[in-house]
Amino acid sequence: MSSFLPIEALAPQLALAAGVVAALLAGMLKERPRGLLRAVAVSALLAAALLAGASLPSAHPPLLRLDRIGLCWQELFCLGALPLAVLMEEDEIPVALLFGSVLGMGLLAAAGSFLTLFLGLELMSLPAYLLVSRGRREEEAREAGLKYFFAGSTAGALFLLGMTLYYAASRSLALAPASGPLAQAGLALMGAAALFKIGAVPLHFWLPDAYEAADPEVAGFLSTSMKAAGVLLLMRLAELAPSSALARVLPAFGVMTMLAGAFLALRQQRLQRLLAYSSISHAGFMILGVGAWAAQGATGAGAAAVYYYLIAYLFMSNGAFAFLKTSGLSTRAQLRGYAQREPRLAALLAALLLSLGGVPPTAGFLAKLLILWETVRCGLYGAALAGALAALVSLGYYLALIRDAYFEPAAGQPPPAALRRHSSGERLVLLACAIPSALLGFFPWLAGGLAGVLSGL
Amino acid sequence: MAIPGGVPLLLLPALAVLLAPVLALLFGFFILRPAAPRRTHLPILLSCAVVAACAVLIVSRVYLFGEGFDIPVAHWMVAGAWSVSFGLRVDGLSSVMLAMVAVVGGLIHLWACEYMAHDEGFSRFFLAFHLFFLSMIGLVLSNSYVELYLFWELTGLSSYLLIGHWYHKASARRAAFQAFMTNRIGDLGFFLALLILLRVFGDTRFLTLFRSLKAGAVGDPEAVTLAGWLLFWAACGKSAQFPLYFWLPDAMEGPTPVSALMHAATMVTAGIFLLVRSWPLIGGIPGLPAAIAAVGAFTALFAGVLAGTRRDLKRILAYSTVSHLGIMAFAIGLSQPACAIFHLVTHGFFKAALFLCAGNIAHALGQPSADLDQVGGLRKTMPLTFLCFALAAFSLAGIWPFAGFYSKDAILDAALAAGGWRALCGLLIGAVSAFYIFRMLFLTFFGPSPRQKGPAHFHEPGALGTVPVLFLSLGALSVGWLHNGFSTMLSRSGVPALPELSSRVTLLGSAAALAGVLLAYVLALGLPKWDWEWRERRPRLERWLAQDLGVKPAVAACAAFVRRLAGILGQGWDKNIWDRWFIEGWPPAALGLGELGQELAGGGLNDYLWWMAVAVAALLYGALRL
Amino acid sequence: MTALIYSTTILLFFLGLAAVVLRRQLLAMLLGLELMVSAVNVSLVYLAGLFSDAQALAAVLIIIAVAAAEAVVGLTLIIDLREQGREADCSALRELKG
Amino acid sequence: MSLSALWLLPAAAALLAACCGRQARAVALGAAAATLGMSLMPAWAGLDSLSRLSYAGPAWFYGIRYSVAVDGLSLPLLWLTAFLTLIVILFSWRGRFSSGYWAAFLALEAALMGVFLMRDLFFFYLFWEAALIPMFFIIGLWGSANRRHAAVKFFLFTFAGSVLMLLGFLVIVTQHHLATGVWTWDMELLKSPRPGGALGLASFLALVVGFGVKVPLVPLHTWLPDAHTEAPVGGSVMLAGVMLKMGVYGFLRVAIPFFPELCWRLLPWLGGVAAVGVIYGALCAMAQQDLKRLVAYSSVAHLGFCLLGIFSRTQEGLAGGSLQLLNHGLTTGALFLLVGALYERGHKRGLSDFGGLAGRAPWLTFFFGVSIFASIGLPGLNGFVGEFMSLAGMMVRLPVLALAGVIGVTLAAAYALPAFSAVFLAEPGEGSVSAMISDLSALEALTLAALVLPMLAIGLHPGPLLALLRSGVGGLAL
């Protein structure tokens, strides 16, 4: 039994599966204590994260292969899902969907063959479509869910086609390097699916609609864990053939995504949609990071820059979306004069926005610096300049938000959603996201530690 | 005689001369001004006395025993090998100047006590006045160009404060700013000369500079030539030579003691002092002395003619000062710096006397300055002022045995020796000077012409008002007799001695002066209404003369040009073009681009998938091609 | 023989893709999706036979299962949309844009 | 470790002040005074032993190391920062400001102290950028009418320059690694093998632009008038008094040591831009009708002198240029305090809005007069020493630039004195608020005296300060 289904390799996934079962059972109880589901969700995610941290790299052909990068990314997925687990309303269906999605990501991380990759990809996407369509604003949530579904499924199908072409060239489903036009075409198609998941321009059109219609915390989960899974998929593909056409085209995609994301966000009036485009711009940095990583031979330690970027982005993005949920604001006009009403929350928002903008001493600054550093190391000076321009333009609208919150006088009545009392969970999540993103830039040793971990000390 | 440790005894009075005014100023500003503003002048008068005493002591020791020293006192700016330091230099030239400044300054301080008695800015006036006194002393005693520049600028500052003393008057404010700016334009040259000298010689102390000049160890001769010309430009700015002279007549807006001390006796002579002090540098530069002579002569004649046509008493004296500064520059141009300094001293006495007399006349009328229409026949009601004015006038015209005769004829002698246009100018200047001063004398003190009000309500000023004037006019009479002493004093500081006066020169000079007196007599007393009639007959000529033959509009045009240039640059270009388009143009462009992008995201599912297909196709194409 | 199989799968796949991209009704697009997946399955089965690789066959089975799950999710979303009384049509999905 | 306390104390005090509402002002005063005290301590420990105070932490990540040190150049700038912060806090003591105001100033002080302390490019850049955040909020929250636009423009403009500078740093560090195989961000170690050729030139130009925006060099200066005009009193004093110095400090600490021969080869261009800045600033100042904009443009001219001195790379030029940094801090700080006092009383900044203040507010007139004459370089006051030595230095290298500098000196009087006479001497026109202008309070007069006295002291006896500065920047001389 153990030879085919290695328990210790899939420990985190099993924990999540147990979570799904527990959630559904808890759901069936009539008078269950308040917060039970939330406790189940958080404990299952923490268990999965700890198990992933504890397990050692090992290979279980043909389906699984656990390496340092895979395990670290699994921790990332669980951490990314935590805020959603805390902020979700007391309903067992979304909790189960969340576990399903994180389980799929775990599979993707532990994949040893294309089959598991595809399985993980689909398993993480399907619950996501449903999570998006369960948004509070019924009308838009349905529409966004459908758009996300059709775009996602098309990408899945493209991935399949790519898989078969690659299979034709490499004669086996294992993640082994292969050469020849068929392999290149296969990689390109699979790369397109990965780029779709990350939200690279021009495959990004679904992303703003999905993030805008979904609940803010779900959008937070999508922007952090889902994007990290997309980045991991891209890294796995780039790892197969570091000098392949896909790897060489990545910096160009990165630059395009950075700049388009930044410029498109400038005119947005709805806050969630603005954050969606900003996440596209950050995705551009990640793609550029992966491109630079691949150009330098895809070594383990090299992935520290991308990994740190994902960690920093996890705190920033989850924090920003958690703020939107806590404050109940939806458009920039409502944000005017918010600092007078809620000075403490506005301070946290300012810290998060400055971090997203990449202003020292925030985590976002160090993240952008590491990516630009990697780009300069592999000689892509043009891309570095584009990165600087994108950072500048994105800072433009982050500052505009801070200006609205702090400098503008309050215009009219605050929206009804903003008047309710903030629950302690919301405040906890906000603090847990804002503090690290405001100060992590000051401690470069964190990035150093990660490099050590990733290169498998 | 030196104190042990090689420090000459003379250093003590020299330091006292500088410290006394400083202490008086500090005491006056911090204690008396808040507590008893009406008493501010007491410590200042005391310091004037101390300075006068020390000055006399220094002059006598330098004259009798030929003592002198050049000692660095303290470091100022140090940067490794490069350094600039404060120091004191007492020699023939500086002690003569110090004596003249101390005596004339002291007397005018006394005179100002009464003149400014009931002015509400009494303490402010005396503090600024004494600051000028201090800076003039410092200027005279400094031993390097940079230190000289420090006091040079301080005189500029005090002239700004004093001309603008009655700052509620718009004309006074404008005159003050004009004076300061013109001096600054002159100082532009001085600043550059300093930089050049520092670059070439590494040090601006006169001692080391002139020693290496004499030894011919000059690294960069063209630079030294340029420095010489720039120093001349600075002197033009401060000593009101053409074209930078126009600020001096307007400087009459200030109170009379200011005009008397600063804009007649001492401050404006700083430029001449600078040229004489740097004579070893200037003398060696080919063509520069000739230029100085030309500019000096032209200024003398130009200002002399204008002085002859003015109506306001103080304006006439102002143009006369410009003219006499031109004469001094003319003397320097004739390679006779000693004559220039000698004339500077004699001019200091008789011009101060003239100004104080004019001040007394105006004071009697209760106005800041009197006009020829308001005076006439004053010899009956103000005999003492008439006496002093006459003595000073004779001295100015250069009539024997007055002081002016000795200094002006020394210059005339040099001019005749040089021959050619210089001789002609020398004579002409003598005649013109005599003409305008006697015209003023006759019109003011003799038979009131029908157009004048007459001597009705004029009265002699109090004791403080007349005693200093008397002293000054006696000085104007007697100073000339010391010319031998002068030449020995100046020869001690490396300046060539005064030439001996030949009888031919005296005859010619006196003839020229008498011609001027006769012309003034005819025009002022012979035809009493002439002075007023020609103005009615030729108003255009009158206006042209009033604008200094076109110089004033030219200056106004330059100022307007600079202001317009600033406007174009500051508002037009910087704010409306560069900032609005090139800097603040980027955000709207980015917003526009963002707007364009938004149109693409139309919201239709098919469009999304269409774009997806396009991207995939591009990727596939890239993969197969690369 | 391989060329024939490749061309049929590519043809089928791009027919499905065309259905998804061009058709307006959501159900037709869903069918397009299924068509794409089945096209891939065809080529995968053939290649498994060619390389006599049992894993690929197992993969085909799993892919079929996943495609079924996908169809279920798609249908639930479309039914949800219909319950709201909105046309199951792309043009109905226009609110979110900009 | 004591040097790190110089920026840790204000940072901690900023957090404390942000939390406690009413006592924030007292916390701010205490922290500012303590910081000034601590910054003066190295002076008593003897100037030659400054190097002993440096501290370098472990190299954590690819050569990034927390290392602080102080030398002849940083120490005076630390004094200036601490001194001006204390002055600003004292000056706005009576204003009813929220706790955020005091916290922002302390945070600003912490960041600025950090900039002058850090010897590691990463932390240097980190503090360099972090200083933008408090200033952004100071301008935006407590500024005057058009503050929002000015705050955002200030932040974005400077950020653009700094991002370019960051790319320059990255290129330098990477090239250093390629040449020596060693990862380091330390300013001393990065000096040896410099990136040559086109890449070297590109990174040097990136540094020049990054520092040039802050200095400001003329084409990159248009954020300055807006930011100065809209900032509150304390904000414009800190902005003009210290933040402009970061640019020149950057040149002295990073740009010139890293590219000495490039800096020498491009001397005509760099010096030319500085000289143009001097004349351009003076001419623009002449055209202004708003007092604060006038002082802002005068800052552009003054810092042009600093650069002229520094780029000349002569002993006297370097010493004069860095001394001019401190002089400008004092004179412009005093001028902005005075203009702020006028604005607080009359809520107007136009030249024609006042008039006849000499009679009404004698102490205000006296301090304004001294500061104006110091800023136009009257010998005997501090402005002249800095300008004279800078131009003496540049005369040795490029006389034509020294000529431009001297023309700038002359133009300085042309814009300063008319402003002085319009505000203080002229008769109050209609619509003038002179009636509401009362004289300075004792506290304000004390703070201004604390600024004016050093002007006279440096003007007459700059010796010791020059020696200290030369020990810091002397090494750059050629």
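Points worth noting:
Order as written gives the chain letters A, B, C and D; numbering starts at 1 within each chain.
Everything that follows uses one rule, which is that a contact is a pair of C-beta atoms (placed from the backbone, for glycine too) under 8 Å apart; a residue touches a chain by one contact, two chains touch by 3 or more.
Everything quoted here is computed from the prediction, not taken from an experiment.
Here the chain at the heart of the structure, going by C-alpha means, is D. Computed centre separation for the pair chain A/chain B is 78 angstrom, with centres defined by C-alpha atoms. Here the spacing of chain C and chain D, counted between their Cα centres, is 65 Å.
Taking the mean of the C-alpha atoms as each chain's centre, chain B and chain C sit 98 Å apart. Chain B and chain D have centres, each the mean of its CA atoms, that are 37 Å apart.
Multi-chain contact residues, meaning those touching two or more other chains, occur in chain B at positions 587, 598, 601, 603, 605, 609.
Among all residues of chain C, those that touch two or more other chains are 17, 20, 29, 93, 95-98.
Counting partner chains per residue, chain A shows two or more touched chains at residues 146-147, 150, 154, 208-209, 396. A complete list of chain pairs in contact reads A-B, A-C, A-D, B-C, B-D.
Looking at the complex, you find that chain B touches chain D at residues 74-82, 146, 149-150, 153-154, 157, 160, 164, 167-168, 170, 173, 176-177, 180-181, 184-185, 187-188, 191-192, 194-196, 198-199, 562-563, 565-567, 569-571, 574, 578-579, 583-584, 587.
Residues of chain A that touch chain B in their complex: 146-147, 150-151, 154-155, 158, 181, 184-185, 187-189, 191-192, 195-196, 202-203, 205-206, 208-209, 244-246, 248-249, 260, 263-267, 393, 396. Listed in rising order, the residues of chain B touching chain A in the complex are 587, 590-591, 593-595, 597-598, 601, 603, 605, 607-609, 611-612, 614-616, 619-620, 622-626. Interface residues of chain D, counted against chain A in their complex, comprise 60-62, 64, 122, 125-130, 132-133, 136-137, 140-141, 147-148, 151-152, 155-156, 159-160, 163-164, 166-167, 170-171, 173-174, 202. Contact residues of chain D toward chain B in the complex are 153, 156-157, 219, 222-223, 280, 283-288, 297, 314-316, 318-320, 356, 358, 373, 378-380, 384-385, 388-389, 391-392, 395-396, 399, 402-403, 406-407, 409-410, 413-415, 417-418, 421, 425-427, 460-463, 466-467, 470, 474, 477.
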